[in-house]
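Next come two complexes built around chain A: one with chain B, the other with chain C.
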Partner chain A sequence: MSRIEIDGKSVDVPPNINLIEAARAAGIEIPHYCYHPGLSVAGSCRMCQLEVEQNGRKALVIGCATTAAEGMKISTTAERVLKQRQMVLEFLLQNHPLDCPICDDAGECELQNYYMKYGLHDSRVELAEKYRKHKVIDLGPTVVLDSERCVLCSRCVRFLQEITGTGELGIFGQGMDSELLTIPSVRLDNPYSGCVVDLCPVGALTDKDFRFKRRVWYLKKVPSVCQACSRGCNIEIYYDIRHPYKGPGRRIQRLKPRYNHFVNEWWICDRGRYSYHAVDAPDRLTTVQTRSSNGDSAPNIKRVLQEAARAIKNAKEKHGTKSIAVLGSANSSNEDLYVLHRLFTQHLGVHHFDVSLKSEPSGEEDEILRKADLAPNRRGALEIGLRPAASGKFSGDNIIRAALAHEIYVLIVVRHDLSLVLRPEDFNRLGNLDHLLYLGEHESPMVGIAHGVIPIAAWAERDGSYTNFQGRVQRTTQAFPPLGQARPEWEVWRLLGAEVGLTIKAKTAEEVFAELTKNVAAFRGLTWESLIPSGRMLAGVPEPPYRKVRTARPLE
Partner chain B sequence: MNGIPQGLEQKANEIILRYPPEHRNAALVPVLFEAQKSLGYLSPEVEAWAASTLGVTPVRVREVISFYSMMRREPAGKYHIMFCHNVACSMRGAESLQRYLESKLGIAAGEVTQDGLFSLAAVECLGACGWGPAMLVGEEQYFQLTQEKIDKILDELRQGRMPAGDSPTPLIGNVGLPTE
Partner chain C sequence: MHRLSVARQHGAYEMLQKALTMEPAQVVELVKASGLRGHGGAGFSASLKWSFVPKDKFPRYVIVNADESEPGTFKDRLILERDPHALLEGALICAWAVQAEAIYIYIRGEYFYPTKIVNQAIEEARANGLLGERILGSDFTCNAHTHPGAGMYICGEETGLIESLEGKKGQPRFKPPYYPAAIGLWQVPTIVNNVETLAAVPWVFRLGPEEFAALGTPKNGGTCLFSLSGCVNNPGVYELPMGFPLDGLIHNLGGGILENRKLKAVIPGGSSSPILTAKEARGIRLDFESVAAAGSMLGSAAVMVVDETISIPRLLLWVLRFYAHESCGQCTQCREGTGWMLRLCKQLLEGKGKSRDLDDLYEIADAVDGTTICAFGPAVAWPTKSYLKKFRHEFEALVRE
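Let's turn to the complex of A and B:
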C-alpha cells in the first residue's frame, strides 16, 4: 500500500496500479480514451493527463502510464489539466464528422460526454474543411466501421492482438492520414468480434445486430448471466418494452458483458452475445396445450397438471415408481431443478431421472471463454442430485430407450427435443405412452406428440440462479414478464406438487433458493443477496486461481 | 514462391538471424526494404510472403508499409527520384527546380514516366538542409542541385550509368561560395 493524495483527499492504494485506477479507488473519474484495464497501456490519447507533485516538483503526466507511488500529490482539477483536456478534445473533434444524430453511440459516447464535461469549446474548423475518411465499412459478419468517427485510441487493435490473437484491425498511415482499417483480404470474423464494439469509446465500431434499432436512452438494463454455455459469463440485458410499435416486438435489444473478475472479465463471446434472439423468437410457446381438449375450450394449466397428476398416480399404483421417468434440462435454474428434484425424486420417489443426453449438441471450446458444454447449469443439476445414481437407474438415453421398450409409462420432458435423437417412427411411438408431459420454451415436434404442454419462461423473463462449470453460483434477473401463459419452470412443479400432495411454501425464486440452501449441502451458506454482483462458489469448492482471460497466443 | 524475387528468401533469412528468435518480427522493416530493393515495390505477394515469413498478420505488414513513406505499394520507375520540398531546400530554390525536373521528365510528383525509367516523389527532409536543394536517386544522394547538375544526372542515368553521388563530408554547406 502506498499513500497518495488526490485532489486533497488522502487514499491508500495497492502497489502497481496506475493513477486512473488510483483515482477510481478514491471515487474520482479520470477521462480517458486509449486506456482500458483489460488491455496493455498505449498512452496515445493524452486525455488522462494529471498534474502530479512529487519531491517538490510538479509535472503533467498521463495517468494511464504513471504508477501511483508513495507521497504523490495529484490534481485532477488544476487549471492546466483542464486546459489540456480541452485541447485534446479540440484535436480529437477537429475532423470529427459530428453525425451524432445518426450515430448508434450517441448517448453513450465518450466524445459527447467529455465534450460536455471538459470541452465546451467552439470549433475552429469549417465543416467543409474537415478531413474526410471512410464511412460504412463492412468489417465482417458483426461489425461496421465508420473510420471518420474513430479517435485512434487503438483499443480495438490491442484487443484483437492481445485477447483473441487474431489481429484483424490496424492503424494505417501516419499523422493526419492515420486511419483505423483492415485490408480487403481480412474479415473481422472471430468468436469474440462483438467485443470491439463495447471497447470503442465512440461510434466508430457499431454492431450490425443493434445498428439503428434503438436510441440507447430508451434502453433499460438488468444484470444477468449468459445462458449460452457452461461458463456463465456475466452480462447486462438491455431491453425496451415501451416501444413495441418500433420493430417486430423485440424486447431485448442487446447483451453487453458485465465485469466479473473470476469468470469473464470484460468480455463475452459472440455466441453468447447474440443468443438472446431466442427469447423473442416467433416460435416461442405461449399457451398451455392438452391433447384431450381437441381444440374446443382453451385449456388452463390446472387441467393439464391434473391430467398429468392422474397419470402419475395411476402408473405408480399399477407399475411402481420405475414406470415414471423425468428428463429435466441442464438449462433450468437451480430453483427449477431443486423443486423438480423435491417433487419427483423425493416426494414421488420417481426412480429414473436425468438432465443429460449423450447426443446433446456441443459447441466450440477455446482457452478464452467458450465451453463445449452449452448448458448453463449442468453442474447445478449434479449438485442438486439430478445425476443418475448407480444401481439400476437409467441415464437420459436409457430413459428414452426404456420408454420405447414399454418399461416407462409416464415421461416428463423439459426442453429436450427428442425428435433430434430418435428415428421418426420411434419418436412418434413416444406419443403412445400413457402420458407425456412436455415443458418447453419453443415450438418443437415434442408439442405434437405430448399429452400436455406447458410453456415456460425464458431466462430473461424470470429470476434465477445457475451454477457454472467451476461451481460458481450466479444470479439472473427478470427483465420483463413471460410471454402469454409461460411461467418459470419451478412454478409449474410447485403447482403439480399441489396436485399430488406436496406443498411447497416458497413463492418466489428467492424463497426457493433459501430452501435449497438449507436442504442441499453444496449450496449451504449461500444467500440470494450474496450472489450479486459476481456470484459465490459452492460450499467447499475453492475459488479457481485467477486467470487473465486471453488467448494463449497473443500477437506481439 | 510466386512473385517473390530470386534470392530474397535467402537475404531475409540472413536478416532474421540478426534478431533474437522470439523477436523475429523485428526484422519486418529491413526485410521489406530488401524486398522493395529487389522488386522496386511491395507487391501483394511480397506482403503476404513477409507476413508468413516473419510470423505477423497481413494487417501488421500493411500498418508498417503505410507508416513509412519510403515504402511503396505501387511500382516505381527504374530510377526513383526523391526530391526534397522542405523549407531549407525551398529557400535555396527547390520549388522552381522541382518544376524544372518535372517538365524535363514530363511527369508530376507521384508519377512514373511512360518508359518506366523514372518516377518522382516530392519528399520531406532528406537530412541535407545544409546542402540543399537535395534529392535522392535510389540510394545515391545529390546536393546543391542546379538545372545543369540535374541535366547531367539525368543524361547519365538515361545512358544506364549511375553518376557518383555527393558525399556530405567535403562540403562545408551553403555558407560562402558553391564548391563548383
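Let's turn to the complex of A and C:
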C-alpha cells in the first residue's frame, strides 16, 4: 500500500496500479478513451492527463501510464489539466461528423458525455472544413464501422490482438489520414467479435443485431448470467417493455458483459451475446396443454398437474417407484433442481432420474471463455444429487430405453426434445406411456406426444441461481414477467407437490435457495444476497486462481 | 575510404582492438571523459545513455539510427557513403561497452546507395573477422544487419524506429517506461545512437578523451557535422568543432547570403528548432548550451539560412505541411492539431484568414507542445510558436490584406 493524495483527498492504494484506477478507488473519475483495464496501455488519446507533484516537482502526466507511488500529489482540476481535457475534446470533435441524432451510440457515447462534463466549447471549425472518411463499412457478420466517428483509440485493435489473437483490425495511414479498417481481404469474424462494440467509446462500431432497434435511453437493465454454456459469463440484460409496438414483441434488446474477475473479466462470446433471441422467439410455449382437453376450453395448470399426480400415484401402486422416471435439465436453476429433487427422489422415492443425455449437443470450446458443455447448471444438478448415483438406477439414456421397453410407465421430461435422439417410430411410441409430462420453453415435437404440457419461464423472466463449471454459484435477475401461463419450474414442482402430499413453504426463489443451503451440503453457508454481484464458490471448493483472459497464441 | 583495405590503411578497427582489451565499464568511462553527446537531435550524453542498461537483462542490442529525416539534415549520409567502417567500428565499441550481441543499422528507406555501401562494408568486415564470432580473436561475438526505413519521419524517433524494426507501424512508445536502454527492441535493453555519434567513438579512442573533449567546448566534446542549407552561397556538410561561431559558418565557410541579400533569420537545428531572428543569431556559438541560451536548439545541427526574401508564413506552411503529413497519428493533439494548424495556415496564405486565426494557431501549437507521446509534438509546436511570436507582423499583414 502506498499513500497518495488526489485533489486533496488522502487515499491508500495497492501497489502497481495506475492513476486512473487509483482515482477510481477514491471515487474520482478521470476521463479517458484509449485506456481499458483489460488491454495493454496505449497512452495515445491523452485525455487522462493529470498534474502530478512528486519530490517538489509538478508535471503533466497521463494517468493510464503512471503508476501510483508513495507521496504523489495528484490534481485533476489544475488549470492546465482542464485546458488539456478541453483541447483534446476539441481536437477529437474537430472532424467529428456531429450526426449524434442519427448515431446509435447517442446516450452512451463518451464523446457526448465528456463534452458535457469537460468540453462545452464553441466549435471553431466550419462544417465544410471537416475531414471526411468512410461511413457504413460492413466489417463482418456482426459489426458495422463508421470511420468518421472513430476516435482512433485502438481499443478494438488491441482487443483483437491481445485477447482473441485474430488481429482483423488495424489503424492504417498516418496523421489525419489515420483510419481504422480491417486488414485487406479479412473480415471481422471471430467468436468474440461483439466485444469490440462494447469497447468502442463512441458510435464508430455498432452491432448489427442492435443498431437502430432502440434508443439506449429507453433501455432498462438487470444483472444476470449467460445461459449459453457452462462458464456462466456475467452479463447485463438490456430490455424495453414499454414500446412493444417497436419490433415484434422483442423485449430483450441486447446483452452486454458484466465484469467478473474470476469468470469472464470484461468479455462474452458471440454465442452468448446473441443467445437471448430464444427468450422472445415466436415459438415460445405460453399455454398449458393436456391431451384430454382437446376441444375443451383452455385447461388450467391445476388440471394438468392433477392428471399427472393421478398417473404417478397409480404407477407407484401398481408397478412401484421403479416405474417412474424423471429426465430433468441441466439448464434449470439450482432452485428448480432442488425442488424437483425434493419432490421426486425424497418425497416420492422415484428411482430413475438424470439431467443428461449422451447425445446432448455440445459447442465449441476455447481457451478464452467458451466451454463445450452448453448447459449452464450441470454442476448444480450434480451437487444437488440429480445424477444416477447408485447401481440399478438408470442414466438419462437408459431411462429412454426403459420407457420404450415398457419398464417405465410415467415419464417426466424437462426441456429435452427426444425427437432429436430417437427414430421417429420410437419417438411416437413414447406417446403410449401411461403418462408423459413435458415442461418446456419452446414449441417442439414433445408437445405433440405429451399427455400434459406446462410452459416454463425463460431465464430472463425469473430469478434464479446457477452453478458454473468451476463451482461458482451465480444469480440471475428477473427482467420482466413470463409470457402467458409460463412460470418457473420450481413453482410447477411446488404445485405438483401439493397434489401428492408434499408441502413446500418457500414462495420465492430466494426462499427456495435458503432451504437449499440448509439441506444440500455443497451449498451450505451461501446466502442469496452474497451471490450478488459476482457469485460465491460452493462450500469447500477453492476460488480458482485469477486467470487473466488471454489468447492461447499471442501475436508476439 | 569506404573499402576496408583503404580504411585499414587509415587505422580503421585499431581502436576496436584497443577497446576489446578494456573492460566494458572502462570503455563507458573513457567515452564519458570525452564529453561526447548525441548528434541525433537531443544532444544526450552518449556515455550516460550506455550506462543506463540494466545489469542483468540480456540479450541487448545496439541500433544505429540512420533514418536521417529531419528536414535540413543530410550529414549522416556522408558517413554512410564515405566512411561506413568508422560507423561499424564505433557501433562495435558501443556494443562491447554495453555487451550487445547484435547491431541493427536502420537506414532511411530512400538511401539506396548508402545502404548498398554499408552492406558491402558489413560483408567485408565479416569476411575479415571484424564482425561475427570471436571478433579480432577476442571472445566478443556481435553481428550487424541493415534494415531499410519505412519511409516515415517518425521512424527516426528511437521508439518509433524500434516498433518499425519489430515489423510494426512506426509509432513511438511512451516514456516512461519504454526507455530503449531499459526496454527496447523486443523489450530488451537497446542503445539507440545516431550515425554521427557512433562514428565519432573511434576518434575518442584515437585522440584520447581529453584531446577529443578539447576540440569542443567544456560540455560538448569533439566536432560536429553541420548541414548548412538555405540562402547561402556554399551549402553543404561542414565538420567543425563544437561551439564554432554561427557567423563564421554562414559568412565565411558558407560564402555569405545569396546575392548579398540581408539575413532575416536562422533555423539552427533542423526544422523542429525554434527560429532565431538575425539579431538573436548574431554572435552565437554552435554548441547545445549556447544555442539553447539564444532561445533555440542545436538539434541535428542542420543550419538553415533564411534571407529577407523569404516569407515566414510561407515557411510555416512548408513546415506544417511536413509535420501534418508525418504525424504518426496516435496522439489526439498531434494528429488533429497538425492538420488543423495546416488548414489555418493555408487559409491565411489564401487570403481567407481571420484575425482570430493567429491566436488559434498559437493556442493549438501550445496544446500540442509537451502533451504527446513523443517529441514530435514540441517539434511542430516550437517552430510554429516561434514563427508566430517573432514574425507576427508578417502574419498580421496577411490577415489585413
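Convention: the second predicted complex is superposed on the first by the 553 of 556 C-alpha atoms of A that agree within 3 Å, B and C clash if a C-alpha of one lies under 4 Å from a C-alpha of the other, contacts with A are read in each partner's own complex, and residues count from 1 in each chain.
Simple rule for what comes next: a residue touches a chain if its C-beta (ideal position, glycine included) is under 8 Å from a C-beta of that chain, and two chains touch if they have at least 3 such contacts.
Computed from a prediction, not measured in an experiment: that's the story for all the values here.
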Kindly classify A:49 by the partners it touches after superposition: chain B alone (first), chain C alone (second), both, or neither?
-> second
Which of chain B and chain C A:186 touches, first, second, both or neither | first
In the superposed arrangement, does A:84 touch chain B (first), chain C (second), both or neither?
-> second
Touch check for A:222: first (chain B), second (chain C), both, or neither?
-> neither
Between chain B and chain C, more extensive residue contact with chain A | C
Is A:168 in contact with chain B, with chain C, with both, or with neither (first, second, both, neither)?
-> first
Looking at the overlay, does A:25 come into contact with chain B only (first), chain C only (second), both, or neither?
-> neither
Can A:382 be said to touch chain B (first), chain C (second), both, or neither?
-> neither
Can A:537 be said to touch chain B (first), chain C (second), both, or neither?
-> neither
Both chain B and chain C touch chain A at residues 170-171, 173-174, 556
Interface residues, chain A side, partner chain B - complex = 166-174, 182-183, 185-186, 555-556
Which bits of chain C are touching chain A when the two form their complex?
-> 152, 154, 166, 169, 174, 176-177, 324-333, 335-340, 343, 360, 364, 367, 370-373
Would you tell me which residues of chain B are touching chain A in their complex?
-> 23, 25, 56-60, 62-63, 66-67, 69
For chain A, which residues count as touching chain C in their complex?
-> 41-47, 49, 60, 62, 65, 83-84, 87-88, 91-92, 94-95, 124-125, 129, 131, 151-152, 154, 170-171, 173-178, 556
